[in-house]
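First chain written, first letter: the chains are A, B, C, D, E and F, and each begins at residue 1.
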Amino acid sequence: MKVTVSRKAHFNAAHRLHNPSWDDATNKAVFGKCNNANYHGHNYVMIVHVTGEIDPQTGYVMDMKVLADLIDAEVCERFDHMNLNIDTTEFKELIPSAENICVVIWQLLRAKIATQYELKVTLYETERNYVEYAGQ
Amino acid sequence: MKVTVSRKAHFNAAHRLHNPSWDDATNKAVFGKCNNANYHGHNYVMIVHVTGEIDPQTGYVMDMKVLADLIDAEVCERFDHMNLNIDTTEFKELIPSAENICVVIWQLLRAKIATQYELKVTLYETERNYVEYAGQ
Amino acid sequence: MKVTVSRKAHFNAAHRLHNPSWDDATNKAVFGKCNNANYHGHNYVMIVHVTGEIDPQTGYVMDMKVLADLIDAEVCERFDHMNLNIDTTEFKELIPSAENICVVIWQLLRAKIATQYELKVTLYETERNYVEYAGQ
Amino acid sequence: MKVTVSRKAHFNAAHRLHNPSWDDATNKAVFGKCNNANYHGHNYVMIVHVTGEIDPQTGYVMDMKVLADLIDAEVCERFDHMNLNIDTTEFKELIPSAENICVVIWQLLRAKIATQYELKVTLYETERNYVEYAGQ
Amino acid sequence: MKVTVSRKAHFNAAHRLHNPSWDDATNKAVFGKCNNANYHGHNYVMIVHVTGEIDPQTGYVMDMKVLADLIDAEVCERFDHMNLNIDTTEFKELIPSAENICVVIWQLLRAKIATQYELKVTLYETERNYVEYAGQ
Amino acid sequence: MKVTVSRKAHFNAAHRLHNPSWDDATNKAVFGKCNNANYHGHNYVMIVHVTGEIDPQTGYVMDMKVLADLIDAEVCERFDHMNLNIDTTEFKELIPSAENICVVIWQLLRAKIATQYELKVTLYETERNYVEYAGQ
């Protein structure tokens, strides 16, 4: 019996959408206000979904406390109260769009979660905009 | 890498569930309060989900501003502050149940979104009742 | 010790903002889309706040079940799945703006709640617009 | 055209995570605070998702009122304001983890919903932790 | 300039409403399902509101981290994953209704927050039922 | 009859808490992660509350569209997708704590709203932390 367990967490960060291979006018035309040179920011909310078999000894697919600690160590410690463009290695060369942040979070967690589990990450940039990645 | 981007929007409308091929007693028995002759209404909340590849130049699957404007032009302009049964062409012959409204929204958007993208629409009629259609 | 107990409830209704003493152009100019002749609608969410002393025998200010039943009988039975302009006596002569609906709900409940309690009503017309009345 | 209709409901219950084949120290180590001998509790929120064809006569996949009544009769009547470990037969031998509760709810509903419909159940134990089961 | 800062926190607990000076039939009649002998439970959500002057050196009324830690130490450590009737001293003689829990939380925090600040506590027992106490 | 109308709006911004009259160690000790030199950010949500008499001609305390446009022009245009510390004049000398941002928003709106109305502003910095100012 395959069950999906989902855990919500959050981090607050500054970012800017900017493609360094383009001139300023193109960046402004494509990214609009999100290109602001001095950054803006968001309360990012992520939901991490792990799918696997229920362990009959515990009734757990995965201990939610372990999953919460993993999200904290791998994602929140890295990104919370950071400037994604400046303070992180992950977005030195990669535009920190919601899509790319979501894929990076998935990769960070995938490396730490045993392969018998399926993994999907949902990332809310605002209450109205969110993205989802499942590794395909 | 396939990522799904989701955008939330809303419209407020009046409607009535009524099958003109049935007599009043049958309509009342099947649709109950939703059959009220003078209409009732809802704050409809929709989430539009678009799945595609990330463009490495922008970090976007699709520009959320473009998607938001498309939802506004195709759905909100058409249905917001309208009586779905009277003021629209879509529900002249079709019962405006949540299911049918969701399918109609999907069709309206599908016609305007490039075929390389997958499309799914979620429609909340109330906080407790919602429906989803992905074109299958 | 004065404690406020609050109970959330909801009803779905159609309405139209229209002042019959004005011509159509004025109504359109003032009320915009809310003036649509064929009505539109909302999921109204109300929160009823009752303030009083805790009864040491029960630990209750007021039995929430009694309050919930009262809201249901006085408000939901009257307005749920109705057209406020046509199907109710309260809005025959009164414009069913959120403000007026809130005052009417307060009056309906005030008549049924013992005078030792203070009463306030919050009414959400949409997630973004709400009003509050406390009888002053 | 396959549409999914979803209905939200809730129940409030006490529970305790405890494996009777383990000693107290192991139970405490594995389940932590959730092992508290005197129980703790949650406001469980479930969303029941039913997928099927739209009936052209009604515009419904399934009458939401019928679905709501079924959830009430099969799940809420059984679990609401109960101690899951003591007051129910389902969790006499089964640890009432969110995962197991979700599977039990799915089984209870599956037995009552016609086989032409697909069924999925989402169960929130807290706002931050939820699980999902679709019968695979 | 008086500003109110509010901090949200939560705890999950079991409880039972029961007046030991009444017989079982009276308890059942007054408290209904909430009287269940084996307890039920809730995800309690509290919002703690502190009103005071802004410190021009910090821009803070009160350091939110300090307030969060205080709520954690005084309330969550005491009540989280507990049976309020059995595991706490506060509700040995006091019925753990939402009203009484809210007053107790207010008293616990009032004893630790400097008197120049005003204090109010909001406590949600469910999404639909909540109570508020400000010490009057 | 005095009714309060409330309107929700939002803006996304970067900020940093830093007192230039202190050394770095003191700033770090007082503001912690919020002192990060490269900024972080939030989705700020504000609720603007205006209290006044209902106009019997319209049923309105104040036209919500007018209030929404005012919030947009005075607050969102100024702060949305900005770095509060760098891109605004209001926080050149004032620490952009939630408390100070809330007071500044109140002052910006108070200057534009007729004096017969009372005004209160609620500002959420995160879902768990919010502040409120009513001009006293």
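Just a few scattered comments:
One rule holds in what follows: a contact is a pair of C-beta atoms (placed from the backbone, for glycine too) under 8 Å apart; a residue touches a chain by one contact, two chains touch by 3 or more.
Every value quoted in this text rests on a predicted model; they were computed, and no experiment measured them.
Contacts with chain A and chain F are shared by no chain at all.
Taking the mean Cα position of each chain as its centre, B sits at the greatest distance from chain E.
Where chain C touches chain F, the two copies mostly use different residue numbers: shared numbers make up under half of all numbers in play. With centres defined by CA atoms alone, the chain at the far end from chain A is C. In this assembly, the C-alpha centroid of chain C lies 29 Å from the C-alpha centroid of chain E. Counting partner chains per residue, chain C has residues 127 touching two or more of them.
Taken pairwise by the contact criterion, the protein chains fit none of the simple patterns, being neither a path, a ring, a star nor fully connected. Applying the touch criterion to all chain pairs gives A-B, A-D, A-F, B-C, B-D, C-E, C-F, D-E, E-F.
The part of chain D that touches chain A in the complex is made up of residues 17, 19, 30-32, 94-100, 102-103, 127-133, 136. Those residues of chain C whose C-beta lies close enough to touch chain E in the complex are 1-9, 54, 57-61, 63-65. The touching residues of chain F, when paired with chain A in their complex, are 10, 12-15, 33-34, 36, 38-43, 80-83, 86-87, 126-127.
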